[in-house]
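Chain nomenclature is as follows: A, B, C and D, assigned in order of appearance, with residue numbering initiated at 1 for each chain independently.
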């Protein structure tokens, strides 16, 4: 059933002993690596395992672990198997090495993550103002950046939103229908609370 | 010196009539285009509102005195070339100055406006405008050739370069030059398509790619004056072609009918056609229209 | 003392004097040159109408100088243009060195041109012709090292022309035993057909070199580009007209009435037309303003040659009108481009833009110049173009008129290119401290510009002398009025009406658009344009100048451009190869040249019996 | 800086009535279509809901446009361009806020990078509510604007000119490095 996936995972395991490999389902292999192993692993997957296609790169903020997780999704054209390579890096003044020599389109991803998460990719010389013009606050995609607080003190909030804070309550108030129990705990707090 | 007050009156009212007729034609064109595109379209008098609105703009900017002069050049050329075209056959009132100029003078007088306009456009410093001017001038080199071929063939056929003489030879319906030398007429009409600047020959003002091209920095009163001169110039060109090929007109009813029918040729061609690139347009003009013009001349010579 | 020798002595002596004193008393050199030319102009003005002539003989050669209507026309043109050019160069050349050299050759060229137009015998004609060639050659190589190959090119072509003229003169002398133009004109028929054809072809080649006729024009663009601007004005404005002068003499005094005259006419007319067409197409794709103007003047000379060759009264008056007008407007344009060079240090149209608010008077000069070149009414170019077209149509040259019209329509392209790239467009940062050219450079340009308007409204001012010239050339007559142009079919253009209508409407529209919302109209910089909301930075280049006519080039690509390019590159390569061999011949030593001439004549005299069966 | 006259009295002069009638019947629209609302403009202009019936026509450059149509949300980056474009238009000029995002931020009301109330930064004449408003609503809004113009109340340019400091203050609150030329029409 999963022989191709197993074959790939064995090859990877043989090469990178420290990799935690998990076959999520058919055609999905998740590989957890140390951050310094990512460049060799990507080149290995690209050249030897023939995962030529970089589907996606993304970043996840693990505020509780005080880490940032970088996710690379590679794909193999023959078997259409996708490898999800993950790694964790330090959250405070995060550093990583630029990988644009493997896939040039990574440069754009790195610029975006530099702007949105404050990760500094060495070797990428185009890190700078990308999408946010004259942004002088902490990177907005970090979870400890309070978006609503920033929006409230930066932008003018037109009054009259309050009744729309909890759509179900509003609907029930307007149309007399009573709110189901499970919906109560999803109620958003009001702007005026903070 | 004694002033012929009738002529002065003609000089005054001819541009006004030309303005009204030209603007109405513009509105008609928009309406007809809309109907062909299965729309209701704007009212016929829509262009009057546009021009009044542009004149009543409260502010306007210019990039220097040459841009300030550009529309003035344009309207000077329009009205002057209108003056040298007999609007109505043998009427003292509307044969304004047509006895002191001839066709070759008219060809050059028509260029006067576009050259002055190009100066004004050049000073705006907008790259789009410069690109539009370069395209427009290049295309002018294209369509001037068949135009001149047609005119030359007619000049040597009737041994005159004066419009009044051309009107004189087309006294009867059967004497119209469209019947006497149809190939010259076809050549002239093909050049006329390029002159009017509708599709497929509207690459100089391509609004989508050039931000309306040459006029993209003109607003308010400048644009208004340009629209005015454009309406008058359209009427002048239509009357010129009517005089040359369709035997002119004795009264305004005939004139309106003939000019409108003539005007529909580029308009309807434009509605159903895509746009030529500049070099395609130039080559188009240098292929069939030029060949037809040469044939027309050869027919006249032998 | 109003006489031709006084005129020539004055000019040449002034040249020598300037060369002597230009180190000791620099201020005097401009004064001497300008006053000399002014006085010479006064003398020519006084000479007009008279028929003063001088004969004297050196050895067996008897020289004969005389005044004709024809020579008056060209001499006055030379005098006026030289006066303005010298006034201009007094400011333009102030910073240069070797000014004695410059002024001496300048004045020698002027004097030589006087001599050419006034000489009534072939020997002095040839003598002055060579002086003119040499002095203009000296000025061509004046500027810099690179100019020397250019100068060699010019020299080679001039030498070809000179030798063909010399051969023609020798043949004529062999046949008629006289150098006097009157005898030659009178008895030319008595020569045998072969000699007549040979003489005419040789003379047309010789004069055609100077007037940059199509196969012989290769020297012109580079020479015009390299020579200093004030002299370029004379070079293109007056000096090339000497070729026109000679061609006119050949056509109407020698060739007219011969059996083969129609063929000569047709061939010359087509050469002129093709010259205009190809030169125009080549001018469109230039990036250097002076070179563009050089090609443009080649094309204009093509019109003139065509007009002369057609040979109807209307076409001759058109050609002579264009001759004078081309002298005026091409000098204007070269002077204006020169003053741009004087301020910015370049004439490359891709490098500078937006000079209009810095150099308004220069801009106005160029504006008048290009309106005149393009032949748009009411300026003076229109009258010449109009008469040319009418004459072509009415002499049944249908396709020639289309070609000429094609050329003059394509001329709009390069004319707009030069004014747009230099003066309009974005006002770049690097020109922000450019000033208008000094007064001594502006005044000549402005005066010449006004003259184009005057001659455009009153073409009769030029048509009156031209009609008398046509009487001299042959019994040509064409009706002319002060401000009305006639063609042969009785159609006319009344310039009074035209200028009145244009002026009135222009003024009314100008007043209207100026006072309409005057307070709420304001000037914004050329950076403040519609850029989709983006704000262009200071050093962001928004000019569209490089490859300005790319679409036209693409359209032309398959039709004409390759052939034009091949045409020009062919001559270019031919020249480059020929230089290597010519180096051995042109040792630069005068005696060798003299020896060549002697050998040449000897061979001619020895074998003339075999070649053209006449006994010498 | 010359301020065009504002008609303070309700009674309009006949000339102004004619001018306003012309302005009302020829609205040249410069559609600023970065938001999702831009997709609603083609059906509005083309054959189905033919907006040209009312003299509404697209315009390619701000120099010739009368109406600035903001279709949807504005980020701080695009706000700068919109302000520049508005200042390049020639008075009298009108602004139409299109979609909920221009009114109160709509679904981006608490985003860190989109402004919430357009009328704090530009003088808005007409708001078209909805996310997205259908073409009928758009044409309705245009007709409302036409009525405003006909009553002579379409003086957004004068409002902007008079309260320039207030608008500038709000704009500079959003756009930190303010490198824009002065307001010159």
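Throughout what follows, contacts are C-beta pairs under 8 Å (C-beta built on N, C-alpha and C of every residue); 3 or more make two chains touch, one makes a residue touch a chain.
Quantities reported herein were computed from a predicted structural model and do not represent experimental measurements.
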item	value
Pair of chains whose C-beta contact count is the highest in the structure	B-C
Distance-to-centre winner among chains (Cα means, whole assembly as reference)	B
Euclidean distance of C-alpha centroids - subunit B vs subunit C, Å	36
For subunit A paired with subunit B, centre-to-centre distance based on mean C-alpha positions, whole Å	62
Whole-Å gap between the CA centroids of subunit C and subunit D	59
In subunit D, residues with contacts to at least two other chains	4, 61, 63, 80, 91, 184-185
Shared interface positions of subunit B, touching two or more other chains	57-61, 211, 216-217, 220
In subunit A, residues with contacts to at least two other chains	none
All touching chain pairs, where touch follows the definition stated at the start	A-D, B-C, B-D, C-D
Residues of subunit B defined as touching subunit C within the complex	55, 57-64, 66, 68-69, 71-73, 75-76, 79-80, 83, 97, 100-102, 104-105, 108-109, 111-112, 115, 118-119, 122-128, 130-131, 133-135, 137-138, 140-142, 144-145, 148-149, 152-153, 155-156, 159-162, 165, 211, 216-217, 220-222, 225, 277-280, 282-283, 286, 293-294, 297, 301
Contacting residues of subunit C [partner subunit D, same complex]	519-520, 522, 524, 528, 530, 532-535
Residues of subunit C defined as touching subunit B within the complex	354, 356-357, 367, 371, 374-377, 382, 385-386, 389-390, 393, 396, 398-399, 401-402, 405-406, 409-410, 412-413, 416, 419-420, 424-427, 487, 489, 491-494, 497-498, 501-502, 505-506, 509-510, 512-514, 516-517, 520-530, 532, 542-545, 548-552, 554-555, 557-559
Interfacial residue positions of subunit B with respect to subunit D in the complex	30, 34, 37-42, 46, 48-50, 52-53, 56-61, 207-208, 210-212, 215-220, 223
Contact set on subunit D toward subunit C in their complex	2, 4, 61-63, 80-82, 84-85, 88, 91, 179-181, 184-185
